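Presented below are the structures under discussion, each in the form of structure tokens.
Shared between the two complexes below is chain A, which pairs with chain B and chain C, respectively.
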Partner chain A sequence: MKKPLLLTAAIAMASSAATAETLRIPHELGFGGSESMDPISPQRFYEAIQTVYSRLVRQGEDGRPSPDLALSWEATPDAKEWTFKLRPGVTFHNGNAFTAEDVAFSLMRTQSETIDSPTKGVMGIIDHVDVVDPQTVKVVLKDSHADFPLLTMDYRIKMLDAETCGGDLDALCESGNGTGPFELVDLDALGTTTMKRFENYYGNRAGVENLELIAIADQDARVAALQAGQIDLVYSVSAEQVPLFAGNPGFTVQSVPSGRWVGLVMNTQEAPFSDPRVRKAIRMSADRDALGKLVYGKGGYIVSCDHPVWTGDQYRKEIDCGRDVDGAKALLSEAGFADGLEIELFVSDISEGAVKMAEVLQNQAKDAGIEIELVPAPADGYWGDVWMKEAFFATGWSQRPADQILNEAYRSGVAWNETAWNSADFDAKLDSARSELDFGKRKKLYGELQEELWETGGSFIPVHLNITRVLSSKISGLPPVEGFSIRYEDLTKNGSGS
Partner chain B sequence: MRKLIATIASKPSGALGLGLTLFHLVLAVLAPWIAPFDPTVQNADAILLPPNATHWMGTDTLGRDVFSRVVHGGRLAIAVTFSAAVVATLWGGFAGIFFGTVGGRVDEYSMRIADAFLSMPWLLFLLLIISIGGAGPLTIIPTLGFFYGVAVLRVVRGAAMQISARDFVTAAKARGEALWPILTREMFPNLSDILLVEGAMRWSWMLLAFSSLSFLGFGATPPTPDWGLMVAQERGLLSTAPWGVFWPCVALSSLIIGINLLADAVGKALGLDRATAAAV
Partner chain C sequence: MPSLILRRFSFAAFTIGFVSIVMFAAVEALPGNVCTSFLQRFAQGPRLERCIEQQGLERPALVRYGDWAAGAVQGDFGYSLKKRKPISELIRERFRNTALLGGLAALLAIPFAIFLGIAAGVRRDRPLDLSLSGAAMLAMTVPEFVTATALIYVFAITLQWFPAVTIVSPGAGFLQMLPNIVLPVIVLSAVLIAHIMRMMRASVIDVMASDYVQMARLKGVPERRIIWKHVVPNAMIPALNVIALTIAWLLAGVVVVEKVFNYPGLGTLMIQAIYDRDLPLVQAIALIFSVIYVGVNLLADLAALALDPRLRRKGH
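Our next item is the complex of A and B:
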């Protein structure tokens, strides 16, 4: 009798040791320590909200809508009313049941004027949300939207517990009480934020017991930390950093085509960028293919023409944006800068290749008589102190569907309208595109919006990136999918999966 | 002067210091004619090439010739730090001579203020001032000059106190000479050798400080070829493409070693012992 008991205990101990692994992920400290656990806050703690909260609909491995807290959805023929059937038996980390009331609360608070969330421009199409029964909600839109489920895949449209948040639609809710695979233990954005597995998670039980989010602002430091075994993955490394890991059995290198981009932003309301000819001249001075090769290496990019819609998106419009130095000079001359233009560009090591991109554009723009002075800025706190504060600065965005990104970054007055783009015609066309039920016509309208951004917009988006992700070979369960499609609960370490 | 140079060159360490310093100065002046490539030209087809017949020190992450950038890399640093060293030596030296000569409460209070400055984390103050004033030479030269001038002041003041106790200074005071003639005719000629050595020493330290600033993004800005900036830009590739970091480090180290050896040799040639003269 003793032997089986000992054997059972030994197996239990071994099992316990195997599952007590801690997954360690770096975070970029982009808001300098003021990261918020409210997913719709402008300063949302990206890595934390990805693991603590859940959405109604999330990306499948192919990027298409896949059930999460909503098991199914359907629309009326005019695509103005969307009904979502919710997953039963789901609880929040504090034990409260997840119901349709929570969905109504979570969706309607995105409209708050007080919070002024970056999601307001995208979700502003919601008129109201009806609670049909505890497991069913009907979202009524102000206008038709054939792709509405795509909007609910936004990484910030997470479902919060209305009770924990006090039911206040205008207040930030930073409790960290979600339905995700990990629950918050200790929030320390400047240091290490710790989480533990949520045992009542409705999906696959998390493969590791603990999760740590470690603040490392500098890209080289993140790579060094991965090499030293202090963290388990780096979301994206530069082309020249790949040889540090390639062929090393201790690491797995993944190449992931994505809609991510690192770009430069001109504030369209501030001189000299308030003149569209100046903006176009700067864009025309760039040799995008050479820039891509220099910054991201061969195969590390796909050329784009200053609009945010990537090649994998069904609404992508291909535009010819070859380099035209003479054309750029002519535009500058027309704009009153015949003798050349001197501008300052604020850059930081915020995203892979941002500083190098600025340096390459600086070199290329010289040929058109544009002298760019680079002003280095610290990476920690960049998003609060520099981004959208200066007239010309670096930026970085993760992949988003066409409708979402066009509404989130270019609709007049929205929180993350980084180019201060303000065009009633553009807004009207955005409304027309998202409410058009015919796919061909909708695609044409989205295409026209992209052309307009190339002609007159304030973004410089020379390429979209093929992300190179590196993870420790101790990690498994992470296929080469785009960041928003990662299912953190499926990650295991040292065979710790249960 | 010839005798001084001959004395310096007679010792191996002095000859090495003089040679290294002159080598770098000549390199900085003649860089445009020595460098085989434009140090700012990027080449997408020549990224991170190891040293070869065309690119003797290899290429960096933007395909630029590392040798050309190393040759140009000392120009800004040398110009800025030499200017700052002159500023530091002039104000620190004059203030040191003045306080060492007048003594009394003015000297006591001033030295406490100087001690307070010396106890401050100077790099943080530098970063603060440069953050406010910008990263250009017009901010960096006076800032470096001021902070390093405090150390010069402390050393020169100590030496000036010894000189001011000598008979010829006492005699000048007894003759009723004004303070200015005493400072310029009696004190300065007897402290000029210390000033020279101090200036050289502070210059080498400033080179390191300026390169540190560039490394941190507060000194030279892209695309300026600068040793500190080059190390910062290529530091993540030490294990795969070390040439981008190695050569600028060699250049910076050799110049600093050269100036230090030269300052030592000058001090010895002038009969100074740096170990006792340099109190800070």
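Our next item is the complex of A and C:
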């Protein structure tokens, strides 16, 4: 019995040397196998789309838009018409030339009612797209938007080949024919999806020959697979799993800042939270650094001051929001709660660390005379029964650019305005930031909005979460940047080391 | 006799029907419904209304139960909103994989366990018995996720003989499944063997002490013949029920083991469905598990009837 096993092991080792040029990445099977190669499909296959298609504009190192398929862009003074100059000589995987027609097609289809893409809302700002010449497009907006290139930086706004897609704006286009560094060989969302290097890629030639996306839905299983060398990286491990890899020379552990946040939300229209002094007092009573350490572990967070803009965002405003118990007490007595304040906080296990965060705040707020009673709510039906129904409750958001998150969560009357934030002045500032073409002035405006949320807002956002990524030490060329900015073509794998 | 078998069958059918009602009621009692659990934060306005209409949730619970039960009898468990597929389609392949894993474990473990049980029982309190019983206690007390993790550490991470987690495409053939299935089968078998072996051992010891074995010995029947002719068949009857119970246990064990090895079976599908709050899928799998449970027990009943004439008399 022993011999054949050893033989298998020998064969496995030999074949692993032969396939050293294959980068193996897990995918989380978020849509249970109905993953679509159409980047704007509600079931988009995120991991595959990242490597097969390219964007017009991508994230630069400073968080600002940098060239990808578009080399340069400029706007009319009212920020309503944007002209993009395209990269010449780019071809799709099937050999078709990439032209302005493809850009017009790819942008306009995001608005299709039939596809019902999650990008529809954001891209709805486009009125129409004019093809000026094969290398130039003009995008005409319905309203001014000084940061329109930022919107096209969204990881789903990829450029498709109009011809391959049949030119139909209302049909899903799942061909996988893109301009990215890898081309699709075999799509098998439930098993292993394979890709190979695209030799005519316009950027750096891919560092590995093949790329495999392996479906592993379970987090613990992904970690075991990484340990056993079945895959080369795991995008995100939990704080408890870090010690499995830390200090092991076979692996590299990266801490990557992200825009994800978990928060506690006060409805600004309901007593006692309708009084901004009460809101500020509760928020001031928190020691954010201690909270972050307790809930997310050392290196698992970056302190934020109750605004949703993360550190990787070009508009992030750094504010000083250290703990101030005396200040909180003073505000409370001003608001008529000199003898202390009793409130209920509805929590559930809906986002990473939400319950723990509530418990820590409960303890910290005691020092300022605030008694928080935690009301556990079932996770089933939480978003319908508790979220935005109670006066004080937990929430969680994924990463979004400053303009998007501020408009989605704080503009008066929008669907997900969870703090019931209602300020005409705030809305007006959002509008003027959008139409301000000067970067410095725009940054100042967004900064003021963030300060306003810290001074009077209803969200308690103590930290933004870091992601801990672990990769095999055979992999190089992956800087600690957030997922949307990874350049898969730069990754190399050294297989002979084992 | 036929009426007796019919009674057992109808009782099993009644049990399954009752379980299905309890399950349906439990899901009804949860806050929210299929649509709110699927739409989460989007569960508001026209989107929610559209979903409720499509799912027919505005009808009374009794009507919906009737619909669901009638469909389930014909193998139609409805539609998974989360996975965008009919549930019967989702389940088919997974069922095959779980049956392969559980079946293989049972097939290997049961004869092996019976053999070990006899060996230990016959050599009661001697070194072989003591070491086998000790090992069985260990296998029974260490939870299967611990065994599984230890095996992964040794054979997948350190020695790299077997994969740590299962990575196969749907529709993979038996040969492709084989290397992936070795460790999970060992984990499941270990517990199965331990339980069945201990029962078999106790039962063999009982029979060995009986008057008729004593009689056979006094008559000078060779020991080997006594064991195979008199002891084993009589010791099998009590062991049969334990085997049925252990196979039923296998269902729970399979969920844990599949999760640890990321094995694409019903267990991992169930766990995913619970995470996704995919209520119709959870309901369907729970029902399948209860049918298997009841079915295995029914088989054990029938087998006992066949082996033991005393049970066939009235009043049982």
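As a working rule, the second predicted complex is superposed on the first by the 280 of 498 C-alpha atoms of A that agree within 3 Å, B and C clash if a C-alpha of one lies under 4 Å from a C-alpha of the other, contacts with A are read in each partner's own complex, and residues count from 1 in each chain.
Going forward, a contact is a pair of C-beta atoms (placed from the backbone, for glycine too) under 8 Å apart; a residue touches a chain by one contact, two chains touch by 3 or more.
These figures come from a predicted structure and were not determined experimentally.
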Contacts of A:G384 with chain B and chain C, given as first, second, both or neither: second
Which of chain B and chain C A:E359 touches, first, second, both or neither: first
Touched partner set for A:P243, first chain B, second chain C, both or neither: first
Contacts of A:G60 with chain B and chain C, given as first, second, both or neither: neither
First, second, both or neither for A:D220, with chain B first and chain C second: both
Touching partner for A:E373 - first (chain B), second (chain C), both, neither: first
Partner touching more residues of chain A, whether chain B or chain C: C
Partner chain(s) touched by A:K293 [first = chain B, second = chain C, both, neither]: first
On chain A, the residue positions that both chain B and chain C contact, one per complex: 220, 224, 378
Chain A to chain C touching residues, read off their complex: 5, 8-9, 12-13, 31-34, 43, 188, 190-192, 214-218, 220-222, 224-225, 227-230, 378-381, 383-385, 387, 415-416
Chain A-touching residues of chain C, taken from the complex the two chains share: 30-33, 36-37, 39-41, 43-44, 80, 82-85, 152, 156-157, 159-161, 163-165, 167-170, 172, 179, 259-262, 264, 268, 271-272, 276-277
Contact set on chain A toward chain B in their complex: 219-220, 223-224, 238, 240-241, 243-244, 290, 293-294, 297, 355-356, 358-360, 362-363, 373-376, 378
Chain B to chain A touching residues, read off their complex: 40-42, 44, 47-48, 61-63, 135, 217-218, 221-223, 233, 235-237, 239-241
